[in-house]
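Next up: the structures, one after another.
Each of the next two complexes has subunit A plus one other chain: subunit B in the first, subunit C in the second.
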Partner chain A sequence: MATGLVVPRSPVLAPGRRHALPLLLLLLIGFLAPLLAILWFSVMPPRSFTLWHPPTFENYRTILAETFYQSALWSLGLATVTVVLLALICYPLAYGLSRVFGRWANLLTLFLVLPLFVSENLRLYGWILFFIKGGVLLGGLKAMTGLQPESWLFTPGMIVFGMVYVYLPFMLFPMTLGVSMVPRETTEAAADLGASRWQVFREVELPLAMPGIIIGCLLTFVLAVGAIAEAKVLGGQSVIPIAHDIEIAFTYAQNWPLGAALSVLLMIVVGALVLTVLRRFDLDRILGRR
Partner chain B sequence: MTDHPILQLRALTKTFGDLSAVNGVDLDIDAGEFFTIVGPSGCGKTTLLRMLAGMETPTGGDILLNGERINDLPANRRPTCMVFQSLALFPHRTVGQNIEFSLKIRGIDAATRRDRALKLMQQLRLPENYYGKSVTKCSGGERQRVALARALAFDPQILFFDEPLSAIDYKLRKTLEKELKDIHRETRKTFVYITHSLEEAMVMSDRIGVMRGGKLIQVGTPEQIYTKPRDKFVSEFMGEVNVIDIRLDGDGRLVSNAVAGRFVPPLLPKGFSAGHLVVRPEFMRFLIRADQADNHLTGRIYNEYALGSRIQYQVRVGEQVFVIETLRQQVFAGRLDDEVLIGWNAADSIVVGD
Partner chain C sequence: MTGRTSRTMRSLLWLWAAAILLFLYLPTICGAIASLGTSRYFTFPVPKWGLSWYEKTLNSFEIHALLKTSVTIALIVTAISVVIGFMGALAFARYSWAGRSLFQRIVLLPIFFPQSVLGLALLLWFNALGLNLSWQTAVFAHLIWVVPVVTLVIAIQVYGFDPALEEAAFDLGASRWQVLTEVTLPVLWPGIFSGSLFAFLLSWGNFPLSLFTTGADTTVPEYLYAKMVAGYTPGVPVLGTVSTLGAGFLLLGGYAVIHVLRRRRGAEA
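Moving on, here comes the complex of A and B:
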């Protein structure tokens, strides 16, 4: 060029952004817009069905004045117990799948995944048939021994059982991935340096598998807080979880703004918990990337 | 160097199902020795080392440490330590925490641990400010040094090395080989090293054991392995050599099917009938007259390769290619396809079996 002057090309958008645009629009419309609609509905007057009223915090006042905190605490409590139980059950399984079972791991994975193809409600009703008085368990027990204990159905314990059963794969598979990410030689090196089996677990295996464990815990916690079918079917409505309250508000009660306000509060509580955990366990740092 | 055996292997064997990985290895390793086991991949050297470190259990034979049988002692209770091929550093820990790991496990207080770690870092030329640095941020050479410091931290009697330098570029590897030999000299510990490179073994070792097919086929000093290889396999393992298949004909003359002419060998083993005549490239020379060496052949220069301080030529004699190396200063003025006379003295050749 004679002048040595280079005029920079100025496209409307850089190619990367331009190509990301359709997906970005889809995400905005598909995910962000409903969230914003819920958020705006939560500040509409009770029992209104349009978004064109002046905003009010009446719904939030109603929620705080009434006993919704009970169902919220039930949901959070049941979810916490479920996650703890799942972590304890799944770690040995995950360890086995990635280290011990060898070629049997695929078969076991298949058995764990197959039930996912059957509707959750159907599976829960299956457990009803198993546990109900005169059902598979108690009926069989009566026929063989004559004993007639009370059924465990319709108790909080049964709800936890149902959630552990339904959400097991969501804990197990991230955890298996986490455990399989621990390089085998690092555990050998730890043992070689004098660590006992327990010290190897605490100092090397657990911290290195932590990303998978945390992702499994967060996933199952978020799913379990929003769970509704287990309490309805196996719990026989002995416990009303928060998701059930939200459903009632949107359906029988015809009070969309109240349901929206409950949803927003639940999202804030769960979001705050998840973000706290993610801050506490910096996944990148655990993986040594930072 | 003391010369009592610290580690004794007696008919040590490991089989995996039908596969025999290590097959009856007998060996004494002296205290303070730098012993290298060398062999091609799949020869069983890694399995052998893992048995010595306590990560595999022998299926036969015994391992004696200071005269005591340690076959069933697990790795975490052996006074030995391994430096892995992958180094197996703890990625979630800092340089200091990695080095101090074995001390923390043994319940040693933080201040003592730190002193020990810093001393080792100084010895291994790691900057002091690396103490709090994440190991994932260290370069390849630095990670080698961290791994070595971590292994040395609890003062083990024997250090095992599983090809820790194999994934490192040539120049750094050469530096680290020498550093490792220096560290061996300073610490006076017993080092047992495995590698597939006889060249690497030569640089560092007091003694070398060559392994093939699960068996230890030759043990000796680098000098012995180099100059008196037991068979064709060992002689070829050191890199390029000239091997001529030879046999005694009916008239008691040494001849080859591949190359015409009769050969003047060094002293032949008793009862020799057929074998291989081995001549190293540096003992092969270009001749002006046939009487300048005990043996001579006529061939054509096929190609030449500059190897830095040396130049290598390939000379075709009939179907066989011979390799000749000369020093750069003595560069031979021949051109490609020139007909040349090459030769060697009988004393510079060896006769080996299969």
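Moving on, here comes the complex of A and C:
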């Protein structure tokens, strides 16, 4: 420990490194090591539960031979649609939060954060109560008009609806950070120089807010690709996403190595995407501006 | 003020915000409605209102055990993640050091990662280590995703912190400990407080990590999920509504405290 005025400057004890150490250790034991464990499990023979077998690529061969690509395509497709819809839904709100709502923005933000702290199963279950036959929507409709249409539950469209609902805050907050990075003077200058509202949006606001928007899209995409609850609760298993295949392999099928191999493939897609995108950004600038 | 945004535009934006709030809270409202009926099955309009299911649910020993497990996990996760997250945030935003940019990206990785896969990976890892799964392993699992979030939340506050304050205190002869407790912590306090609220609430509501790592112990979200899959029981909306209201009071109450303290500090200065 330093005495008095001397701040330690030796490379081993540099304050930055010293403060980063506990977090790095935690992630080493709790993040990197489990990922290596799952990687090693994926090359164990099918249906084994220990790590002491000679490695084999049989699980990967099984995956290629069977129809898992369908689940993967569903997951990627549903995630893409979710991200596009969320970007369109969240932009006006992000703009409002950073530009228009003024002192109300903080209170509004609290109410927008709160759903994050309720487990997603529970929130999706509320939609079941809303949409189910005899539920709030259809029961209410019947009581008022006597109409009895079919319920929309258990369709792929409903899964997208559920994902848009669950992941909305993950798109909204990075996007709001992004929009608040656009200096007000710049948009005003553009408008003074005769740019139309649309031109200001296309050529000034959008490019300057892009880092936040892209981080929001990335975060929602990654979470949506690994999503499972929406398809199970609202989709009624009309679609099996990749994460559900993984869970089946680990539970009913009792084939851990197969589940591990599927997880590894999912991790590769997600990891490649995240690393490529994150490399491009200066995080100090995105988080530091308030 | 916001001179460039026209009146119509402003009203449209407000309307949009209101619509999104309604969208976010509609399921919660439906849950609350379902919890307030007295019949065994949910029908709408509710035939008879009453609190009988609240009485039944909140008096059961099983529910008490669940709440105890969930609160214990969340409190321990909060305590540990605030300490590690506080230090991490200083490394993230306060000090400039050689590995910082890499460190920032490493911290983000667990957040940008499908949680169900992380839960499974941890399950395999605990299994390989020969650990018995219980609420303690769940605490560890929650930490992997909560600590990075807490680090980010505190880091945002640290960016607004002027390091010159610390240096001035050192120059005036303060010890390292005095600088920490009398300069750094008081200035960063709102960030640390938000961080601990986030930690508690994220752990409280977490399902995918708990599912794979609690073993024989059960948390509230796990119990709710098991009951949901097994068919309808009014205990689910009751416990769900109670858990949502609890989180809401904690969050709004917490920020009300921050608000009042900021005001008071502003008045003193």
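One rule holds in what follows: the second predicted complex is superposed on the first by the 247 of 290 C-alpha atoms of A that agree within 3 Å, B and C clash if a C-alpha of one lies under 4 Å from a C-alpha of the other, contacts with A are read in each partner's own complex, and residues count from 1 in each chain.
Note that in this section a contact is a pair of C-beta atoms (placed from the backbone, for glycine too) under 8 Å apart; a residue touches a chain by one contact, two chains touch by 3 or more.
Everything numeric in this text was worked out from a predicted model, so none of it was measured.
Chemist: Touching A:Glu150, do we find subunit B (first), subunit C (second), both, or neither?
Modeler: neither
Chemist: Subunit A residues in contact: does subunit B have more, or subunit C?
Modeler: Of subunit B and subunit C, the partner in contact with more residues of subunit A is C.
Chemist: Could you look at A:Ala190 and tell me whether it touches subunit B, subunit C, both or neither (first, second, both, neither)?
Modeler: In the superposition, A:Ala190 contacts subunit B only.
Chemist: Touch check for A:Glu203: first (subunit B), second (subunit C), both, or neither?
Modeler: first
Chemist: Does any part of subunit A touch subunit B in one structure and subunit C in the other, and if so which residues?
Modeler: Dual-contact residues (subunit A): 188, 191, 287-288, 290.
Chemist: Taking the complex as given, what residues does subunit C use to touch subunit A?
Modeler: By the definition above, subunit C touches subunit A via 1-5, 9-10, 12-14, 16-17, 20-21, 23-31, 33-34, 42-45, 83-85, 87-88, 90-101, 103-118, 120-125, 127-128, 140-141, 143-144, 147-148, 151-152, 155-156, 159-160, 170-171, 173, 175-176, 201-202, 204-208, 220-221, 224-225, 228, 236-237, 240, 243-244, 247-248, 251-252, 255.
Chemist: Applying the document's contact rule, which stretches of subunit A touch subunit C when the two form their complex?
Modeler: 1-2, 4-5, 7, 14-24, 26-27, 30-31, 33-35, 37-38, 41, 49, 51, 89, 92-93, 95-96, 99-102, 106, 108, 110-127, 129-130, 134-136, 139-140, 143, 165, 168, 187-188, 191, 218-219, 222-223, 225-229, 233, 243, 246-247, 250, 256, 259-260, 263, 266-267, 270, 274-275, 278-279, 283-284, 287-288, 290
Chemist: Along subunit B, where are the residues that touch subunit A in the complex?
Modeler: It comes out as residues 53-55, 74-77, 80-82, 84, 86, 88-92, 101-102, 105-106, 134-136, 150-151, 153-154.
Chemist: Note which residues of subunit A are touching subunit B in the complex, please.
Modeler: 183, 185-186, 188-196, 199, 203-204, 207-208, 285-290
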